[in-house]
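This report concerns only the one structure given below.
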Amino acid sequence: MSQTESAFANAHPTEQDIAVSIRGVSKNYGAVEALKDMSLDFPRGQLTSLLGPSGCGKTTLLKIIAGLLKHDSGEIIVNGKNVTGPGPNRAFVFQDFALLPWATVMRNVAFGLELRGVPRSEREDKAEKYIKGVGLAGFENAYPHELSGGMRQRVGLARALSVDANVLLLDEPFSAVDEQTRRKFQEDLLSLVANEKKTFIFVTHSIEEAVYCSDQIALLLPRPSRVHEMIRPQIDRSKGVDNIPREPEYLDIVDQIWASLRAYVE
Amino acid sequence: MSQTESAFANAHPTEQDIAVSIRGVSKNYGAVEALKDMSLDFPRGQLTSLLGPSGCGKTTLLKIIAGLLKHDSGEIIVNGKNVTGPGPNRAFVFQDFALLPWATVMRNVAFGLELRGVPRSEREDKAEKYIKGVGLAGFENAYPHELSGGMRQRVGLARALSVDANVLLLDEPFSAVDEQTRRKFQEDLLSLVANEKKTFIFVTHSIEEAVYCSDQIALLLPRPSRVHEMIRPQIDRSKGVDNIPREPEYLDIVDQIWASLRAYVE
Amino acid sequence: MQNRALYLKVLSALLVFGAWEIAGRIPVSYAFPTFLESMAALARMTFDGSIFVAYAETLKPLVVGVAISTFLGIGFGLWIGLSARFDWLFSPIFIVMQAAPLAALIPLLVMAYGIGLTSKVFVVCIMSMPVIVLSTSSAVRNTPASMKEMAKSFLAKDYEILLKIIIPAASPMIFSGLRLGVSAGFIGAILSELKITPTGVGDIISYSRSIADYPSMYAAIFSIIVLAVLFLNLLEKTENYLFKGNDRGYVTD
Amino acid sequence: ETLRIALAETPSDELAAFFVALDRAKANGLDYEWTAFSDEELAIQAILSGQMDIGFGTPYSAMQRSRAPIRIIFQLSKLKFFPVAVKEYTDLSQLDGKPIMLHSRGGGTDSIANVIEDRMGIELGERSYVPGSSNRVVAMLAGQAEATILDLSNKNKIIAEAGDRFNVLPMFDVDASDEALFANLDWIQENEDQVNILVAALVSVWQDVAKDPTIVSRETNPDGPIGQLPAEILAQLDGFYTEAVAGGLYDPNGGGRTAAMADLEWYAASGQLDGDPSELNIDDFWYMAPLDAATK
Amino acid sequence: MVIMGYKLPNMSSLLIWGLLWEIIGQTGLTFFVPPLSEVFVTLFKIIGTPAFVKALTETAQAFLAGVFFAIAIGIPVGIFMGRSRLLDELLLPWVNIFVSAPLTALVPVLMVLFGFGMKSIIITTTLFGIWIIILNTRAGVRQINRSLIEMSRSFGASQFDAFTKVYFWAALPEILGGVRIGVIRAVKGVIIGQLLISIVGFGALFELYASNFLMSHFWAVLIVLFALAFSISEFLGYLERRVSYYAANRS
């Protein structure tokens, strides 16, 4: 276990370390009970994955934390404060990308900054950097309908990263990108977690990805959604990303999670 | 190697076995060269995966085969006939789902059949079956905006399966569904390939998925897109899906593909 | 592509003008001049400058009225689209305005605002504002929810959601409303010149009609149409320039 | 074949006598239908394009300028217009240099204004145009103008509404036509019979009205377009015709040559006809045969 | 609009405006605006008279026919223009011309070409209503998510199917918006036609009442006309609300 890793492992979440805490949150859509009395803590400077069958309420939970949806009961505490609406400390990557069709890639990426009142030249410099970062250099002036699915998703990602929020809510951010981009992004996220102490809440359907990246994984089971299990994988990433798939330690955690999820289905 | 497997391996594509063949196809979007002089054969009753970085033209290629986009040069031959437009022998699963927002799940799934003139009660029976098949029973009367991302994707999948075409073009069909659903669907596809001799052309970003499911994998490299390598993984699926991730044979192929793709990036 | 569009325009113009010329020569009616006669009249009015004098007069109420309607109309439209309360209170007014037979109401306007510019501006506004308001408000209600949500997550203030999401998303509808509004404004300007006081182009039309100089009458009508079309093309250029990405092209391409 | 008549206004009190005449003509076997237009230019256009047979108006410039052989067959009313002004002015000569509100450029009131200038030796001030007598009444009532020229019924209305503020200025007599019936010469000659019936009926009514103006209200068909008018309007019929006859609005003989001569002079003076009136040929403008037959 | 938990009907705000009218009328500010109550009394007096019934049927016939053509021609043309560049290039200049042509100035031309009867009035009505329907439909179609169209094509939709099952529905919110405005404009068109072409129907009543200063008669007819416009607009508004569940969920 590397030094950083063990530090994380020891720093068991104490009061002041919790970046986001949800307590007894419920949410119904008409007759559909999406979330029921859910409580979860997201420690600061860690990456928490939400893993669960589709339709179990992951997007709903993320939107509630972001302040985009009203919950029916319970409370959301971000940085010690009860929140009811969106705030500058949280940025969102949308499952359906939510790009502005009338705006270029540049304007879309800079849109978060634009809304924060950053002057044009400054925000375009910054956006430029993130556009490069997600591998879209050269497409600054393209419109969303001229991009492939994965490219659109990366625009949404760049937009969220560029506003420099300290809690990032990512709803299946890599579902449409290719393997090598995904791996690069994973490394980028991990370095943001390690170096800038950002807090990530991350929805994914890939158990492997969750196990590889997460400090903790919340397994959710559906209707109404509840936390089934919390797992802290503590993978030793120093072995190199290419070798990890062969590590029995890693494979065991993946299998264990898979077993939990499958148990529910059957 | 199982019997079926070896049979496949031996049956090297001869003239009459090719379901879809593309010859020297090029496609430009204005200044962007998406495909250049691409040739590829898709044998009947096999599953071919297209694997490549995002934006390399996979969707473009699939849409050209489906007859939805005009190619600039070259030809597309489906079942021995040159095609220029869509036909009943091909069904498409869209990367962005393409659901009718004004129609219920039932109507959306039955829409392909509706367009083929199948009478209402018959097509609803059939749709009902496929809705169950993708795990959406109980949501027949929900509208797309009331579904989660993964549920929407499954509606699109059910719609394509229900029309019973013999060539299925799937553009990242499992990107938004959870692991257990994905595995179930993979099994379903494999059984369709084995039992009904359907031809699948399958875009995915998951190397593991490609290796596990495919009879052959086309690695594409971008701008302009060309076929970099053809791989015939020939995994012995009889070992059981749970154990395969630990098979060195499987892991080696994954690594080999990954190395190819990465080589390009770096 | 560019050229084809131009050819098509020229070709269809030739067809229509040709048909006009032939219809005038038959003649379908003694009150229906040929295309060439009308153009000759137009040329005459252009060279002696009378058409410019007339337009200087006609454009006054038109420009003022259209400017007022555009700003107030979009403003009201947005407000109605956004606030149920406002919708409840005010949309009936615009429906009434839209349906009101203006020609019949002109005595009322004359009574209230006299026979000068104010009445004419009023006529232009009554004609053009309701379409703009109604188009804008229905477009506002159809703004994609996911984009509003996205903007909210990035802390857009209400006015920013309005300016940066709702207006661009509604812009195709707003612009089609604007087009109709502007053209209704043209109708209003002419109507007021025919019905309140004949000045400007309305005067040319009614005077040449009363002295049975039909070529001049048709020339005046023709010139208004040309002007209106030029104006609308300008509007379309503006739309394309401002909201380029909204243009997703044609399905047939 | 049905005779198609193009009216230049909606049926109201001024047209009551005409409809009485139509009823009489119908009794004599004339089959007709009518359409109302908003102004006489439209009625003229309708005749020019052959969509209507007989129209209302004074189409002198159309007759001179268009290639269509249009002829007048009957004078319905004379140009009886009334200069109305605020109480300060009591005589036409006081209007020298004062702004005046008229119907439209080149229209009947414009001609009257031209002739007033001529005969009184004055120069009117700025002319503003407000189409529609009733609109001019409104503008006067609202204080938008000080002087205007109105027709009989609107003159009555403004005096009834605000007789304390406005008065009617005395004016010279005019014999020229305000409204006349006209048609295409070819059509007239093809349909001589119908035209004769119509003109005969008109002459008989015009002569009866001259003797007893109340005959109009008595003979009006209660189910016809006039009979259906609101009671407020019907109540005024007798008063209107009594005053009209007294004011010489109608020529019992349908105008004829006198009217034609007066018209040429008047419309030439007012600028609607080009050329010297003495050199113009009456037969290019009027078709006298039916009227001659009816008044024999 | 909801007040204290009560859902007020949509046009109930008219009561407030009606009250305002009554007050202005009662103050006798101008004889042009008689009190609303007086107008209603007049309305009941004239509503059964043959003249009124005849005017109403004439107006209603012209209006319904005009609106029918505006919708039946406008929607397909708008859809065609939205999806095909060739047709759009061919037709848009003319649509622009007609949309911008001061229709009142064109009326004389119409009369020359189509005569003075019902035909011209119907055409005028259609001309007032059709352009917004075409333009809105076109704008709606051009915004359609391309995937939906590709999807229907991939399942072998015929032109007709694509039309009735995808284009129409995807653009329906815009189409309804256009139809609503177009139909209300057509109300104005039918009256203008009845005033400028031949004076029949309600146009004749307006002309008659206005020129004889029968103001409460005038307003009574106007109220009938407004009621017509309102009920149509409300009906279409109701349809619009029916599709609002997906209108804001298209991308």
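We call the chains A, B, C, D and E, going by the order they appear; numbering starts again at 1 in every chain.
Keep in mind that, in the parts below, contacts are C-beta pairs under 8 Å (C-beta built on N, C-alpha and C of every residue); 3 or more make two chains touch, one makes a residue touch a chain.
Chains and their UniProt names: A, B = ABC transporter ATP-binding protein; C = ABC transporter permease; E = ABC transporter permease subunit.
Predicted model, so just to flag it, every value in this text is computed and none were measured.
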Separation of chain E from chain C in steps, with touching chains one step apart: 1
Interface with the most contact pairs, given as the two chains involved: C-E
Distance between the centres, which are taken as Cα means, of chain E and chain A, whole angstrom: 50
Gap in Å, rounded to a whole number, between the CA centres of chain D and chain B: 84
Rounded Å distance, chain B centre to chain E centre (Cα mean): 49
Chain centre separation (chain A, chain B; CA means) in Å: 28
Overlap residues in chain A, where contacts from two or more other chains coincide: 96, 101, 145
In chain E, residues with contacts to at least two other chains: 108, 112, 146, 195-196, 207, 210, 249-251
Touching two or more other chains - residue numbers and ranges from chain C: 28-29, 31-32, 107, 111-112, 146, 194, 209, 246, 248
Residues of chain C that touch chain A when the two form their complex: 146-147, 149-157, 160, 164-165, 168-169, 171, 243-246, 248
Chain D partner contacts - residues on chain E that touch it in the complex: 46, 49-51, 108, 111-112, 115-117, 195-200, 204, 207-214, 217
Chain E partner contacts - residues on chain C that touch it in the complex: 4-5, 8-9, 12-13, 28-29, 31-32, 84-85, 87-90, 92-93, 95-96, 98-104, 107-108, 111-112, 130-131, 134-135, 138-139, 141-146, 172-173, 175-177, 179-180, 182-183, 186-187, 189-191, 194, 205, 209, 217-218, 220-221, 224-225, 228-229, 231-233, 236, 246-253
Of all residues in chain C, those that touch chain D in their complex: 28-32, 106-107, 110-112, 114-115, 194-199, 203, 206-207, 209-214
Chain C contact footprint on chain E (complex, rising order): 1-2, 8, 10-14, 16-17, 30, 32, 82-86, 88-90, 93-94, 96-97, 99-106, 108-109, 112-113, 131-132, 135-136, 138-139, 142-144, 146, 149, 173-174, 176-178, 180-181, 184-185, 187-188, 191-192, 195-196, 202-203, 206-207, 210, 218, 222, 225-226, 228-230, 233, 240, 244, 247-251
